[in-house]
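Letters A, B, C and D mark the chains in the order given here, with residues in each chain numbered from 1 onward.
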């Protein structure tokens, strides 16, 4: 009884399922926001969503376009100043999981959102760090979600904006007061987790219908697969329905405004 | 046409007159609070009163017993958290004058509110520093008001809780980002100001009917008098009336609660 | 998520002998009912942290709960001395206590730093004061950009913080309004926290930027009606300035104090502040 | 005390060529009307500080106002790149600009430290990031209590900060509500400040702990109705997400951008954000 769904939907649903009910989640805009709100609207009604704009425990009815849309404030438990958000709530250790997207990710889950090429003469200038550098180190753990491609999944990022496990996989060793770092990467093809020893990202689960070759082809390093490679469970009809409604509501609202 | 008034009233009115309209004043409890509110109710309606409880621009109808009476919050423009009060408003340089009382003061206007005797075995344990140590250094200048007595006006304080000009008068020299320090001390006998060179407190004005001998008798060091010693202007009928009404209102309110 | 407990159970569970405890409330919202519960449960060897010990710590010190007090202003506001604090410091009754004293600015910044998860607070303070000579927890650092010498103190990170607030909703979110002091910071800085509230409501009625502490940042909530008396609760009841004045005579003498404690705390039927 | 000025006069008086300027508003309450006035007055060589440059700095950079931008996230939120910022950084059009980039946490703490009158902010940040290798303003200090290595950045202390807010009362006190970002910090950290408001009212209608900036902490207030559009003002009007999306096409090309600027800023009759 296979449902029709896209690889993007597979990614969103899988990312959403990573969040457990009751977790406090510092949410990045875009894919993480979509996944986090899907989680809240399905299996995790009490997941606490926090956006860097200062909105605490927010329950938007539509997905925000920006990190500070009015909807986030209006549906929040309360809204605090941005310094307080970063100091008390993130650095203060109140965030279980930081949910991030990225432009580039490497085999040690380091993230690059700064630039492609050389810093002094960039080929492509990206937006920059934003909240990510400290979300990645101050949150209890980090989930990352992005589309799988050779351009995005590189052996070594051009610039470490945000620490995964460092260029040698040892970037968190012996650092006091630091979170566990990336514990899973959810793409449109698979789920990856860091190897417990080397911290290199390893494919632990393939999405239904995706072959190893597709993942190898879309990854910029010689990617390894877990011995016990799993098959990611399919989205349920309910999850797909809620996701589609959420996206349709969002599209209508953004077109109107 | 001499009015009847007490030396306490003389002190309060003189202290009140030190505040100019529009000044922002960080107010200590007790005599400073009485003087600051008298100023607000007479010649300085736009004086901005700030209490360390976080109440910004407050206009209490009765004098607060504590630094955080409900009256202060209810009549304030807004009330901020105490860390913000000390960080943004005081340390941030928004306070023109800090208005302080004290238990002991020495010839260099250092204040002691910590203890009499030795720190390890105090003869009298006093309340401690409270807001004073940073009010005295972060406010633009400092006014001090207290009753004149040999017990209070000592050559050297037992403990420098709060910097006047240091034990040698040079405590503010070459210190960056520090206020002018005490610019006047108002007592029930006189007004004192620091000598521009040595920073030793000098009597600049005697209250009506007070002799030099009385001041000498009540001061624990060989007090000097300014060459151009002035006579402090008397309270006006209006000032006395408003002060008495304020105190009567306050007494009634505190007896009721 | 916070748990709704009786005040008895909340104190029994989270306040251990020997713990570091911050019971905050800057003049306003002082958690007296909780203080009395701590006294009734005969907690011992507590390190008590509070900017202004106020009557609440005077009572707890007199009852023998404290071994150390960290504070920045130890008086009865507008009235005079805290006689039980002084008796303990000066004469060691009912037991010797150690004190560690700061300025308000230092403690306010230390609470802020505790809430912010930092080990220290940096501020422009203690210039010319002799407090650093009697408090070895005050150090100075040099700004790497300007060379300015700035004060540094360790952040406050209590084992348990206790505050009083206006109300909680049924999910355990708490609204604090009026003079908010360092209450939010105290809760966020602590390993565990107890919030006593006047009432539990369906809707907090909070404005967008109100001081609301989420349920998941609090360990336990206990209803304690009039739980701040003789301090006050903005929007509920006023401060009993009269009791603060009366306290001077009660606390001045060991016997009258002991008597007061028996009548108003140990043998009191309710959790209320207990001002006769 | 703040002074009521026209937006023209406020910008003319307080924004000098070469000044360091922070125009804040975290997605919400972005002072677009003021940004357009800066463009109209052809201010030059500004050092522009903002956590998220957003469209407002894209416009000002494209118009040639900036020589340097200090920021932590330089995108069109939810849409993509800031093409004018990229064109200036990558190709030097209309003039070369220097960039200094931080993380959000660093800038938020730097604004906080600026408001607090400190020369630096200390926080737990930049661990493992390569940003310190390209920003010499990021240093590290050692905690004197724990030995922990913490990040330090200089505080933000602009010559002038400009924010937009809901309303001012007739004394010039200002209410900011909703997503308050670092707006209050920006005002308090600056030598001078301009606040544009939707309206002037008799009574702010503020709750006890509302974010109110007193008149005496502000240099000038100017009425700018809809002054945040295409950003938004909580309680007044919503964000024009549509314009943010349209901006991508407008800004992608130098000619369409120049045309847009002529039509909507230089030749615009009013002070409004100017989204066609």
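Everything that follows uses one rule, which is that a residue touches a chain if its C-beta (ideal position, glycine included) is under 8 Å from a C-beta of that chain, and two chains touch if they have at least 3 such contacts.
On a predicted model such as this, the values are computed, not experimentally measured, just so you know.
Could you find the chain whose CA centre sits the greatest distance from that of chain A?
So the chain farthest away from chain A turns out to be B.
If you tally the C-beta contacts for A-C and for B-C, which one comes out higher?
Spelling it out, more C-beta pairs touch across B-C than across the other pair.
Take the average of all CA coordinates in chain A, do the same for chain C, and state the distance between these two points in whole angstrom.
Centre-to-centre distance between chain A and chain C: 40 Å.
Can you give the whole-Å distance between the Cα centres of chain A and chain B?
Here the centre of chain B sits 57 Å away from the centre of chain A.
Provide the C-alpha centroid distance between chain A and chain D, rounded to the nearest whole angstrom.
28
If a residue has to touch 2 or more other chains to count, which residues of chain B qualify?
Answer for chain B, listing residues that touch two or more other chains: 73-74, 79-80, 87, 91, 138, 177.
Give the residues of chain D touching no fewer than two other chains, as numbers and ranges.
Expected reply: 112, 116-118, 123-124, 146, 148, 178, 180, 184-185, 208-211, 234.
Can you list every touching chain pair?
The complete list of chain pairs in contact reads A-C, A-D, B-C, B-D, C-D.
Given the complex with chain A, which residues does chain D contribute to the contact?
Where chain D meets chain A, its residues are 26-28, 51-52, 71-75, 77-79, 81-82, 85-86, 89-90, 101-105, 108-109, 111-112, 123-131, 134, 146, 148, 178-182, 184-185, 211, 232, 234, 238-242, 244-245.
Once bound in the complex, which stretches of chain B touch chain D?
22, 24, 46, 48, 56-57, 73-74, 76-80, 87-88, 91-94, 138, 177
What residues of chain C sit close enough to touch chain D in their complex?
116-120, 122-124, 137, 139, 141, 143-146, 148, 150, 152, 154, 177-178, 180, 207-211, 234
Per the contact definition, I'd like the list of chain C residues that touch chain A in the complex.
On the chain C side, the touching residues are 1, 112, 115-118, 173, 184-185, 188-189, 206, 208-212, 214, 216-217.
Hey, which residues of chain B end up touching chain C in the complex?
29-30, 52-55, 64-70, 72-74, 79-83, 85-87, 90-91, 110, 114, 119, 122, 125-134, 137-138, 159-163, 166, 171-172, 175-178, 254-255, 257
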